[in-house]
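The same chain A turns up in both complexes below, where it pairs with chain B and then with chain C.
Entry: the complex of A and B
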């Protein structure tokens, strides 16, 4: 672990140097909100942001991704043979990812990359990425990362963590990949002990600024059945319009659907984001739907994040406290309240 | 508008006590500034949750279809029109409802305020008759409500509820807008290439989450065409053909039924103004059939009406 200094006016040089060897994504404001866009001559990025509207998961787990293809052309010798789509996995650097989102990528990795199953596309995307995170000097009132094993300067999942110290960034390399990248970008000036101290203070200050807290301590010991049959689900679900916004924006939601799409004789097998909020998600071929009502779908979302995941992986909750669902749910269903209801049942 | 809250609670208490209704559908205060949550109140205990301010922007008519109970429901002008549409379309019976009308002064658009704040966070938002007071870390702004209304509210011609059983305040003056459809006319004037470019750009960020559809009271089909799976009608990937298909079909299904309540636009997580599609159809319904949706509980929407003496020969 080493601490280097990047002067703010030299940030663009650093990014340019990285661009020579990697694809670089930076937060950029388009319309009224931020998203991760490729660094170009026009798009220099903007680190004065709170967070992106959509989480960066789409960079590793695109909303629609072709995974296999085939031809229906009977003349062709490989008619009907399903083949993996060839794909490039260029080395990619994500600049400015927030610590919650970086942790979320680790959390999704638990599902897509474990001794039992390896999702080859996820694994290759993740391996091709380097994450240069930006700590949060000013957490939002909807951020509750410190309650769920994360924090505004959490290091998990990051290769480099940037501390915004005003005139300079302190760049803390956390992995050999991160060290290498800083070297490549021409960042070699060591931070003096004064700046290191300032960075550590910034971290504590930011943690103390987190104003939103949720209880999680009793989730594990609760009985699944008790939570499943709890009296509060109807109330929580009443307002929900089952729109899926919460799941599409969430960095930890990983569910997908696989669909074949055929254009003339070319067949594509595409993996698409899906959502437990949609009735179609559980519709069986027989026509039976085990989750026919919205209350069951709402319960599933929260039970998955706050109970099933907790029990299955013994790794905390499947939520990093980014607050996206809290901010964007059109009817203000607030997961922080559900944390309390479930934990304190 | 904040003062309506007390009157709403008073009426709700009365009709629950008199057993005129078994439940109330209204709004409760949100957990974050500029948000409210639709709420269902079953008994007197939770009555004090009922709340009103300039951010009660979802359309409560959305929560009515297929309910069997007797319901007290809070309704702004647009909600009341969507309730009327539901009644005409047999989604709910007039006798089941006790409509608590809210003369509406327009809903304030939290996105416009957030845009003004340019990524600074509003920590506390309060309102007076004319103003919205927004406080955050190191700033305080007093903004004129009129400058931050939802787009649809700036063009709304029916702010007073069209049907109601009780009303929470004096009726407001309806505006005399010279032309509520000037924005649609601008688009109508574009060439077809330009139009295609305009709409393609409008929906380019669409994630097909269908929040716009689900926020809309008109979309009550048991299975939406985009969810048909046997056979599948619309692809599930974000291929632009499928996204365009969804948007055009959704809009057409609302033709002659849409009240321009704005719930669809407000629900979209990607800030897409899908109303630009429905508004053209509203304008057509007005121009061609002299019809505005939900102004009466007798008149059926023009596109599901058949008249043997129709002036068009091809349909007779």
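Entry: the complex of A and C
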């Protein structure tokens, strides 16, 4: 682990140097919101943001991704045979990802990359990426990362963590990959002990600014059936319109659908984000549906994140406290309240 | 050779058999196009595959053939949704795909040295056929004690694998009780009555026994107390579940019951295991 200094006026030089060898994504303002866009001459990035509206999961788990292709042309000797689509995985650097979103990728990785099955696209996307995180000096009112095993300067999943010290960034290399990248970007000036101390203070200061807290300590010991049959689900789900916004914004929601699409005689097999909020998600061909009511689907979402995931992977809750679902829910369903209800049942 | 778990192996439809008089169930005999795929494909009765049709999609279907039947796979498909309707109109010689084997299997090691009671209803008899053929194979038959089967359908014309049923019924190393809910066939020589009723008459002890139960929910609902009455414990009752699935490998997230994915942690569960899970299936 080494701490280097990047002067703010030299940030663009650093990014340009990286761009010679990598695809570089930076936070960029689009209308009222931020998202990760490729670094270009026009888009130089803007690190004065709280967080992107959508989580950056789409960078390695695209909302829609072609996975296979085939031809239906009977003249062709390989008609109807499904084949892998060729795909490039250029080395990519993500600049300014927030610690919560980086941790989310570690939480999701246990699903896509498990001892029995490896999801090849997730694994290759992830391998091709280097994450340069930006710590949060000013967490939002909806952030509750420190309650869920994360924090405004959490290092998990990152290769480099940037501390915004005003005139400088302190760049803390966390992995050999991160170390190498800083070298490549011409960052070689060591941080002095004064700046290191300032960075450590900044971290504690930011952690203390988190005003939202949720309890998680009793989730593991609760009986599944007790939580499943708890009396509060109807109240939680009452206002829900099953719009799926929470699942699409969430950095730890990973559910997907697979669909075939044909243009003339060429076909693609495509995977698309899906959502447990939708009745079609579980509808059998026979018409039977294990989760036909919205209350069952709302319960599934929270049970998955706060109980099933906890039990299955022994890896904490499947929530990093980014607060996106709290902020964007059109009917103000607040996962922080659900934490309390479930934990304190 | 790809190790991509989503990539189907290409297969040819070798033979199509219409199973039921309503023509809603057909059995597809599939042969691998690549010898290497066939050699790598080893399965255990109870497992399933995703059948993959280019341009239509994939469906999870239990493997109806037994690993002791070499050179092909059998799948009996009920005409229900987009893919199953399409495959029902396909021809012998057509190319489709198979992905698998997927999921877990019946607990063959635990059942060794025990009586195996097979209870099936309607078209949920496919992996049970696989199991019966597997157990009756000369290499396996002496691994198990008595094999007793109760299999029923609404009417004689809706029973699957009728020719094989008739042969099994005549054998002395398996007790086979075929039944129908009702029939007006004066020559019907087997039982008439619902599966739970026939089970009650034929299965009188749970000693050293496992019951494999597959059928529609209503059959399971009324069979369960019959088995419990003769002393079957939840650990001795084995069931296989169905769910809407996509990936088949526990990743896409839709087929869960509690923290269990039916595609990967199932489809086979003991009643004891199901009792620990939320009632959401």
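Definition applied: the second predicted complex is superposed on the first by the 345 of 345 C-alpha atoms of A that agree within 3 Å, B and C clash if a C-alpha of one lies under 4 Å from a C-alpha of the other, contacts with A are read in each partner's own complex, and residues count from 1 in each chain.
Here is the rule we go by: contacts are C-beta pairs under 8 Å (C-beta built on N, C-alpha and C of every residue); 3 or more make two chains touch, one makes a residue touch a chain.
Here the structure is a predicted model, which means the values were calculated and not measured.
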item	value
Side-by-side fit of chain B and chain C on chain A, or clash	fit
Which superposed partner A:208 touches (first chain B, second chain C, both, neither)	neither
Which superposed partner A:259 touches (first chain B, second chain C, both, neither)	both
Partner chain(s) touched by A:245 [first = chain B, second = chain C, both, neither]	first
Once both complexes are placed on the shared chain, angle at chain A toward chain B and chain C, C-alpha, multiple of 10 degrees	90
Touched partner set for A:225, first chain B, second chain C, both or neither	second
Which of chain B and chain C A:40 touches, first, second, both or neither	neither
Chain B versus chain C as contact partner of A:76, first or second or both or neither	neither
Partner chain(s) touched by A:118 [first = chain B, second = chain C, both, neither]	second
First (chain B), second (chain C), both or neither touched by A:283	both
Chain B versus chain C - smallest C-alpha distance in the overlay, whole Å	6
Set intersection of chain A contacts, chain C complex versus chain B complex	257, 259, 283, 285
Complex contact set, residues of chain C against chain A	2-8, 10, 33, 52-59, 80-82, 84, 94-97, 242-244, 246-247, 249-259, 264, 276-278, 280-281
Chain A - residues contacting chain B, complex	31-34, 48-50, 53-54, 63-64, 138, 140-142, 235, 238-239, 241-245, 248-249, 257, 259, 261, 270, 272-273, 275, 278-280, 283, 285, 326-328, 330-334, 336-337
Chain C-facing residues of chain A, complex	67-68, 70, 72, 79-84, 111-112, 114, 116-120, 224-225, 228, 254-260, 262, 267, 274, 276, 281-286, 290-291, 296, 300, 303-304, 307-309, 311-312
Complex interface listing, chain B residues touching chain A	30-32, 35-40, 58, 62-63, 111, 114-115, 119, 121, 123, 137, 205, 207, 209-211, 214-215, 227, 229-230, 235-239, 263, 266-267, 269-271
